[in-house]
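Below are structures written as C-alpha cells.
Shared between the two complexes below is chain A, which pairs with chain B and chain C, respectively.
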Partner chain A sequence: MGAITLEAISKSFGPVEVIRDVTLEIPEGELCVVVGPSGSGKSTLLRLIAGLDRPTRGRVLIDGADVTARPAADRGLAMVFQSYALYPHMTVRQNLAFGLENSRMARAEIARRIDEAARMLEIDGLLERRPGQLSGGQRQRVAIGRAIVREPVAFLLDEPLSNLDAELRGAMRAEIAALHRRLGRTMIHVTHDQIEAMTLADRIVVLRDGRVEQVDAPLDLFNRPANRFVAGFIGAPSMNFLTLPVPGPGGAVTLGVRPQHLRLVERGLTVRVEAAENLGAETLVHGTTVTGERLTALLPGQLRPRAGERLVLGHDPADEHRFDTDGRRVG
Partner chain B sequence: MSLGARVGAAATAPLRALAAALDPAMRGWQRLAGRGGMIGLFLLPNLAIFTIFVLVPIGLNVAYSMTGGAQVFLADRPFVGGEQYARLLECENHLRPRTCRDDTFWTAVWNTARFVVLQVGLMTGAALVTALILNRSLPAKGFWRAVFFFPVLLSPVVVGLIWRWILQRQGLANLVMVEGGLEPVNWLVDRFWAFAAAVGVSVWAHLGFYALILLAGLQAIPKDLYEAAEMDGTRPWRVFRRITLPLLTPNLAVVVVLALIRAVQIFDEAYVLTGGGPGTATMFLTQYIYETGFASPVRNPGLAAAASILMAGVLVVLTLLRLSRQRRAAQR
Partner chain C sequence: MRGARFLTRRRGVAGSGRGWHWTDIATWVWLVGGTVLMFGPAVWLVLSSFKTPAALAEFPPTILPYAQQTMEIDGRERPLFTVTTPDGTTQTMAELRRVGIVAQMVDPAAPEAEPLRVNIAEREPLREIAFATSNYTEPFLRFDFWRFFRNSVFVTVVATALTLLTNSMAAFALSKYDFRGRNAVMLLIIATLMVPLSVILVPLYSVVSAVGLLDTLWGVILPTIATPTGVFLLRQYMLTIPDELLEAARMDHASEWQIYWRIVLPLAAPALAVLAIFSVVWRWNDFLWPLVVLTSTRNYTLQIGLNSYAGELNVQWHYILAMTVAAIVPVVLVFVFLQRFITSGIASAGLK
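What follows is the complex of A and B.
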C-alpha cells in the first residue's frame, strides 16, 4: 500500500506553467525526497499528489487507482505542512483527534491512536497544552503525530524542518528517518535543503522549473549527476565548472570537479587565492584560474593561504564530470 | 559633504536649534524628576487635551446632574443633590414606563434596550455573513467590498434622509410595492415598521465597517489550517464552527463592543428618519437627553445630565463585562 504514480502531470496557474509533464513512480514504502531551488514547483507537486490542487493535465494514481478527481480527504494521505498548521485554539489532544472525529470514529479508538502516536513521538506529556505553549520542535512532533493517527497509506511532508534551528533540524531529520523505518509507509518529503535530501532519501527527485532533472539514489546523484544543473545543485560547496580548451570526447565542453576532489599537487592548475575560510578540519579556498574562471577547493587541514598567493591544484581523473554544450553529462 | 547631506542639514537646522535650546531645560528636569518625570513630561500634552475635552466635561456633567432649574450657567443653578437621579429612577414597575415618575425616560430606556439587542444581533450576524461572502474568490471582489463599505462613508443625516424618502408614504418603497400589485405600507407611521426601519437603516449604514473588521480577521486565519481540515475531510459547517468561528472570536468581540456602544448612542439617523415617532415608538435615550436638555420648551439640563451619566455608566459596565469575558477566553 502507498505506491504513488504521476503520469505526465502538468499544472498551470493562468499563463504560468509550474509543473511540466512530470512522470514519476514512487514504490510502496519508499522515502522519496523532492528537492529543487525556490520556485521549482516542489510544493505544487506535493499539493497535486495531496489533492489540494488539481493538475491541468495528467493523472495521479495511488496503488494503481486513478485518484486525480478524488478529494484530498479520500486519497488516504496525510500531510505535514511547513507551518505545521496546528489549530491554535485547540489542545494537542484536540488537534490530534480533530481529523478522526470527522470520520465518526469510536472515541475509544481515537484515544488509542492518540496515545500510541503520543508515546511514539514522546509528546504524551504535552497533550493538554496548546500549540502556543510548545517549542518549535514540539509543534513539529505534534504535526507529525496528527498525520500518524490517520494511519495513511503515505505521508506528504512539505518542508517540515525549515522552521527549526540547525541543531533541532539535525535531530528531527534522524527522527523522521527512524519513523519511516518504524512505520514502513511511503513518505514524500519536499525540501530545498540538499543535506536533508541526501541524508533522508531512498531516492531523490531533482526539480527545476517544474521539470524533473534526475531521479536517483543520493550517492548516484552525487557521483553521476545527469546534467550540469544537478551537478551544481547537489553537493556543498557546489561543483566547479571549467571550460575545456578544446572539446573532448562526446562533445564535452565543460569539466566539472567537486571542491572536495581538488588537492595540492606539484603540477596542475594554477589558482590565485582570493579568500580562504578555515573550517577547522578543512580549509575552503576561493580563487580564480589563469583564464579568470572562479574555483572553490575544500582542502584538508588548517591551511592559511593569503589573498593573492598562488596554489597549484589537481584532481583524480576518476572524479571528473564532463558536460556538453546543452549541459548534458557526457562522461 | 555631499549636496544631499547639505540639503538635509539645512532642512533640519531649525529642529536642531530648537532641540539645542530645549536641551538644558530637559536635562535639568530629568535631574530633578528622574525617569518617571520625563515620561510624565512627554505624556503631558495628550493628558492636557484629554483633561480639557473629556475629564472636565465629565466633571461638569456630574455637577450639572446635581442641580435644578433651566439656567445655563452652573453658578446660577440651585443644588438639588440626587433629586434628578431620583426623578429618573423612581418607578412602581420599571418594566411599565407609565408607572414611572419620568415615563418618557423609561420608554426611551426600553426602546434603546430593544434597539441594542436587535441591532447588535442583526449587525453582527449580517456583518459576519457579508465578510464570509466577501472573503470568497468572487468576480469583481473589490467592487463588492466597495458596495458594502460605501454607506459607512455617508453622513448619518444623509442616511436618514435617503431612507425617509424611500420609506415615506409616497416614497420609493411604496411605489415599487404598488407597481408590484401590493398594498402600500405606512413604514414610518406604523409603530412596528418605524422601529424595524430604525433598526434596518442603522444596520445598513454601519454594516460595511463591521464587515471590514471581520474580513480582516478572516484573512488573518492561515490558509494552511483550512487545507489541513480539507485533508482531514472536515465538512464546511464543522470548519466554520470549529476553526473559523473560534479564530474570529477576538474580531467578533471588537465588533460586538463597538456595535454595542454605537447602538446605545443611536441618535442622528434615527432622529432624521422617524423623529422619535410615531409617538415615542422610536424615542431613544440620546434623543431623550437632547430634547430634555436642549430642544424641549421647558429645558432641564440637570435631568439631561443625570440621564447621560446613567447611560455612560451602563456603557462602561457593558464594555468592562465584554472585555473581561474576552480576557478570560484569551487566557483559556
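What follows is the complex of A and C.
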C-alpha cells in the first residue's frame, strides 16, 4: 500500500506552466524527498498528489488506481503543511480527532489512535492545550500527529521543518527518519534544504522550473549528478565550474570540481585569494583563477592566506565532472 | 489616591508638574467641555424622565426633578410654602385654599389656628427632590409597553441571528472560493451601500405587501437581514484566515458546510461579535421601516410605540422620556459589555 505514480503530470496556472510533464514512480514505503530552489514547483507537485489541485494533464495513481479525479479526502493520504495549519480554536485532542470524527469513526477507536500517536510523539501532556499555547516544535509534532492518526497510505510533508530553528530542525529531522522506519509508510517530503534531502531521503527528486532534473539516491546524486544544475544544487558549498580550454571527449566544455576535492599541490591551477573563511576544522577559500573564473575551495586545517596571495590547487581526476554545452553530464 | 494623582497631573511650568502651563488649562477646558457636551443630554434625559408633567412644563427648566412638599392636614394633602410674613421673617405654611392672588394658609404646627391670608407673590413653593417613578410604572402596567418591548426584542434577536448567518455565508463564499465574477458580485454588494432606504422604500413596500408580510414582525425582519456592511466586514476578516487551514480540513474529510461551520465561523468570531453589536443597535433603533410596515398597535416595536405617545394635540413628554430611557438601556448594556470586541474586532478586520 502506498505506491504513488505520476504519469506525465502538467499543471498550469493561467499561462504559467508550473509543472511540466513530470513522470515519477514512488514505490511503497519509500521516503522520497523532492528538492529544488524556490519557485521550482515542489509544493505544487505535492498538492497535485494530495488532490488539493487538479493537474492540467496527466494522471495520478495510488496503488495502481487512477485517483486524478478523486477529492483530497478520499485518497487516503495525510498532509503536514508548512504552516502546520492546526485549527487554532480547538485543543490538540480536538485537532487530532477532527478528521476521524468527520469520517464517522467510533469514539473508542478515535481515543485509542490519539493516545497511541500522542505517546509516539511525546505530546501526551499537551492534549488539552490549544495550538497557541505550544512552542514551534510542539506544534510540529501535533501536525505530524494529526497525519499519523489518520493511518494514511502515504504521508505528504510540505517543508515541515522550515519554521523551526536550526537545533530543533536537526532533532525533528532525526525524528521524521525514525518515524518513517517505524511506520514503514510512503513519505513524500518537500524541502528546499539539501541537507534535509541528503540525510532523510531514500531517493531524491531534483526539480527545476517544474521539470524533474534527476531522481537518484542521495550519494549517487552527489557523486554522479546528471547535469550542471544538479551538480551545482546538491552539495555545499556548491561545485566549481571551469571552462575547458579545448573541448574534451564527448563534447565536454565544462569541468566541475567540488570545493572539498581541491587540495594544495605543487603544480596545478593557480588561484588568487579574495577572501578566506576559517571554519575551524576547515578553511573556505574564495578566489579567482587566472582566466577570471570564480572558485571556492574547502581546504583541511586552519590556513590564513592573505587576500591577493596565490595558491596552487589540484584535484584527483576521479573527482572531476564534465558537462557538455547543454549542461548534460559527459562520461 | 493614584486615580486622583492621575486626574490632577499637569504639565506645569517648564514641564515640572508644578504650576499651570497654558496647555493644562486648554486640556481641562477641552475635556470638561467635551464631557458636558457628550453626557449633558443623556444626564438631562435620565433626570427629566423622573419629572412630573408640571415640572417638565416649568420655565426655567431644572436639572434635577423637584416636587412640592406636602403635608396632611384635615385628611387632605396640602402643599407647603415658605411665606415671607409682613414683619420680614419667613415661615413654612400649608395652603388650605386659594382665591385669585390670595391664599389662605395655616401653620402646619398649629393647623387649628385661624388661617392667614397671604398674597401669592409673598410665598415660594417649598420643594424637594422627588422621582416621579409613575412615569415608568404606568407605561409598564397600564399601557402596552411590555408588548412593544417583546416585539423589539424578537425583531432584534431574530434579525441579528439571521444577519450573522446569511452575511457570514456570503462572506465565506466571497473570501474563500474562487469563481468567475466574484469581484463583480462583491462590488455589487458594496454598491448597494450607496442606496439609502428612503429610495427603495416604495418598491420594498410593494414587495413586502405582495408576499403578505405587511403588519407582521417578519415583514420588519426579513428585508433587513442582508447588509452590505456585514458582508464586507466579515469578508475582510475571513480573508485573513489562512487557506491552508481550509485545505487541512478538506484533507480531514470535512464537507464544505463543516469547513464553514466548524473552522471559519469560530475563527471569525471577533468579526461576528462586531457585526452582532452593530446589528443589535441598528435593529433596536430602527424606526422608519417598522413605522411603514407595522400598522396595528399589538405589532409595534418600542420605537414605534414611543412615537405613539406623541399625539397630534398632546405630547406626553413624561412617558416619552421615561420610555426612551428604558429603550436605550439594552443598547447601552450591549456597548458596556461588548465594546472591547468592537475595538479589537474592527482593528483586526483591517478597517482601521
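Everything below uses one rule, namely that the second predicted complex is superposed on the first by the 331 of 331 C-alpha atoms of A that agree within 3 Å, B and C clash if a C-alpha of one lies under 4 Å from a C-alpha of the other, contacts with A are read in each partner's own complex, and residues count from 1 in each chain.
Convention: contacts are C-beta pairs under 8 Å (C-beta built on N, C-alpha and C of every residue); 3 or more make two chains touch, one makes a residue touch a chain.
Quick caveat, the model's predicted, so the values are computed rather than measured.
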- Message: Quick check on the superposition: with chain A as the shared anchor, is it clash or fit for chain B versus chain C?
- Response: clash
- Message: Taking the superposition on A as described, I'd like to know which of chain B and chain C A:G99 touches: first, second, both or neither.
- Response: both
- Message: For A:M79 in the superposed arrangement: first (chain B), second (chain C), both or neither?
- Response: both
- Task: Quick one: classify A:T291 as touching chain B (first), chain C (second), both or neither.
- Result: neither
- Note on the structure: Clash list for chain C against chain B, restricted to 1-9, 55-63 or 91-99, contains only 55-63
- Message: So chain A touches chain B in one structure and chain C in the other; where do those two contact lists coincide?
- Response: 50, 52, 71-73, 77-79, 81-83, 85, 87-89, 98-99, 102-103, 146, 150
- Query: In their shared complex, at which residues does chain C touch chain A?
  - Reply: 242, 244-245, 247-255, 258, 262-263, 266-267, 269
- Message: Can you tell me which positions in chain A touch chain C when the two form their complex?
- Response: 50, 52, 71-73, 77-79, 81-83, 85-89, 98-99, 102-103, 146, 150
- Message: Per the contact definition, I'd like the list of chain B residues that touch chain A in the complex.
- Response: 222, 224-225, 227-235, 238, 242-243, 246-247
- Item | chain A to chain B touching residues, read off their complex | 50-52, 71-74, 77-79, 81-85, 87-89, 98-99, 102-103, 146, 150
